[in-house]
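What follows is a group of structures, each given as structure tokens.
Each of the next two complexes has subunit A plus one more chain, namely subunit B in the first and subunit C in the second.
And then the complex of A and B:
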């Protein structure tokens, strides 16, 4: 280094400054979000002090159990230095899905079963297009509102142009804190191969109960077992939040109250933009 | 007024700021890293570990009285798991950890059969609670890597198996699980694993989970000879049970030949060990469940 006027002060480019540390909150109203709700699950969504507040629609005639059909909020996934994460680069992703509260009518017949979570996909828009998009996601679905009992809900692209989902049985009371760990690559994109993509989820109680893990489901593992359903893109990874109803249609226009869900969605990521390496030589 | 001053005697900065990043993305794990505690067991089965070329070059002994089936009984190096900025990660900290064991080459005398009188190398990367006594029978650990199955002059990836090391199910001693041998030649050289730990430290079953699969090298399009992505977890006797304990990241090498060997041409294995990590040491898990 030199501080003599006219001299070049640094001879190395150095390392880019950190923009993020650890957890990041997913904000569905952030400037870079693309929001889609083709099946009109939600009336509105707000961010109140870091909490996502989703008000469900008064009526919904679409009965689906597949997360890509829900209201989705999509952002390009970036690393802690603000650089884009691409599918042909190694990254490690942890998500946290946290149920806070719900009001209104839900989890009964002809009422929405509140479902929410995060996932990754290769389309920036048109998330529910199973022919062009590939995805995998994980989150919660509240099967019993009395005790805040949840199931873990997972979804993925399947069969090249279709989708699949996995649904655990209802776990115990207060199972509103869920974590998912993703496995992606290196055999994705141009080098795509089955069994290179998966997610595993666990759930349990909140911090004031020492995060007591629900033991009814040891862990919920889900992977993509078909070559034609693996991420085809080498490019940008997109992170998406999904909020909707696991099945059911409803119509509160003649009575009842559309539910309001409050939750937090967070994620943590590490990434190497220089690639996987791994020449084996 | 600027917070900075270059006047002699003045305090130059009025805030401590954040640590500068020292690492980013993949980091290579070296047994000879000065941060490592090394437990080589007097080199029972391994003569030297040399890393002067950027690779880890392991030379096994030409004569020894037998190894074991457990990596932590071998030549082990461990260091505190750290964030990009060098902050220590504990088991109560939320973190992501990806590891990759990369096989390069093998030479000398080696075999995959027990009592063949030749070295049968295995190597793993993992995390554990004991910072120095790695092979202690109560050292809760979770490791993953490669169990070599090549013999004679076969390439290092021939018929290779994955191996996962952990305590026995009752928590009393070392144990390991291995996959089936991959068939054919030109098999996996890259062993990629993702660890999940916590947040429940009361050691409920499956508070530690491992996902892994094995890939060919970059020149072979990272293709997967194995059938499926594997998932496993630890039970309550095996899992991590103290949030305050520093996570120790380790790499281990062992000779699975449990019979004695003598007069061999030294088996030499070349490999690379990689990991990437991120953690939230400030906010920890959060998750109050309240607005």
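And then the complex of A and C:
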């Protein structure tokens, strides 16, 4: 092999190659996913060309509006080089929640209201254990299936061992594309303080309609206002997808069709493993 | 002759004050007990003179609040 300086065949020598560029599709079937559905919201989940296809269960007796109770799929959050991201390091996270389609019976009484999104948490398992896990998440819930009208749904840790959620009024027609920015730290983990964790979401139409912004909800901000509810860990950040029903129970065993939701959940990350800095001197 | 009204709807609309209003349904769940309440989310930048006038006058305050409410989209 030629070792002549500048030889194009050696241009990769010593160069750190990025593993991920830009948006990453969340794959609920990836090898490193921990999946939990303790309340049996889903019958199955598939990945079709980057789209998540979730088939809801025939029956579900759990009426909850809290995203940590839904079916969840958890992965360790990594940066562009595939390195782990820890809570004591600065990172930015942008998520995109995209409704694609739905079939079956949904959004009526005694039918599931399709809810789906992403969030971050500090544990890889037992996500709904509010005493041991802390989280914040953001996504969509389809309150009106006729016009694909959605509300933004957010959830978070609350009171140290409890949970909270926020649900916007139903937005306009075709509000199926939602973006959220997460704010984490530096005062989390060992240095944890209130107001150090938050998420801000906006929603609107799709690219073929110029991303027309919903006019009813400007942007929805949600933060953790108590010291004992912010992330307690300095270690690995976990990203989780959640799919379930905002309220309602259902039983299609005697008639009706369990819905099938197709959505796309994507995320983009920036990270500096060398830390926050900021000594003031 | 009375004081010139500082806060009028026209002043607000023609000035640099901006506002948006929407609603959210909030809830907490503590030990299985759910507490639910509704919130009107107001995000506003109000020109200082108009804000100060509203603090000093019930009439101006009412104009300001009604103008903010007019920004609610349905």
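Keep in mind that, in the parts below, the second predicted complex is superposed on the first by the 265 of 281 C-alpha atoms of A that agree within 3 Å, B and C clash if a C-alpha of one lies under 4 Å from a C-alpha of the other, contacts with A are read in each partner's own complex, and residues count from 1 in each chain.
Quick note on the criterion: a contact is a pair of C-beta atoms (placed from the backbone, for glycine too) under 8 Å apart; a residue touches a chain by one contact, two chains touch by 3 or more.
No experiment lies behind these values; they were computed from the predicted model shown.
Enquirer: Touch check for A:272: first (subunit B), second (subunit C), both, or neither?
Expert: A:272: touches subunit B, not subunit C.
Enquirer: Regarding the shared-chain residue A:159, is it in contact with subunit B (first), subunit C (second), both, or neither?
Expert: second
Enquirer: With both complexes superposed on chain A, which partner does A:169 reach: first (subunit B), second (subunit C), both or neither?
Expert: Only subunit C; A:169 stays clear of subunit B.
Enquirer: Which chain, subunit B or subunit C, ends up touching more residues of subunit A in the combined arrangement?
Expert: Counting contacted residues of subunit A, the larger count belongs to B.
Enquirer: With both complexes superposed on chain A, which partner does A:66 reach: first (subunit B), second (subunit C), both or neither?
Expert: The second partner, subunit C, only.
Enquirer: In the overlay, answer first, second, both or neither for which of subunit B and subunit C A:132 touches.
Expert: In the superposed model, A:132 contacts neither subunit B nor subunit C.
Enquirer: Figure out whether A:215 sits in contact with subunit B (first) or subunit C (second), or with both, or with neither.
Expert: both
Enquirer: Touching subunit B and also subunit C: which subunit A residues?
Expert: Common to the two interfaces on subunit A: residues 215, 218-219.
Enquirer: Can you tell me which positions in subunit A touch subunit C when the two form their complex?
Expert: Against subunit C, the touching part of subunit A is residues 65-66, 158-159, 162-169, 215-220.
Enquirer: How about subunit B: which of its residues touch subunit A in the complex?
Expert: Residue positions touching the partner: 18, 20-21, 24-26, 84, 94-98, 100, 102-105, 157, 189-190, 192, 194, 196, 198-202, 204-207, 209, 211, 213, 215-219, 221-224, 226-229, 231, 233, 274, 276-283, 285-291.
Enquirer: Under the stated contact criterion, what part of subunit A meets subunit B in this complex?
Expert: Touch residues, subunit A against subunit B: 15, 17-18, 21-23, 48-49, 51, 80-81, 90, 92-94, 96, 98-101, 174, 176-177, 179, 181-183, 185-187, 190-191, 193-198, 200, 202, 204, 206-208, 210-213, 215, 218-219, 221, 223, 225, 262, 264, 266, 268-274, 276-281.
Enquirer: Please output the residues of subunit C touching subunit A within their complex, sorted ascending.
Expert: 20, 22-31, 41, 43, 73-74
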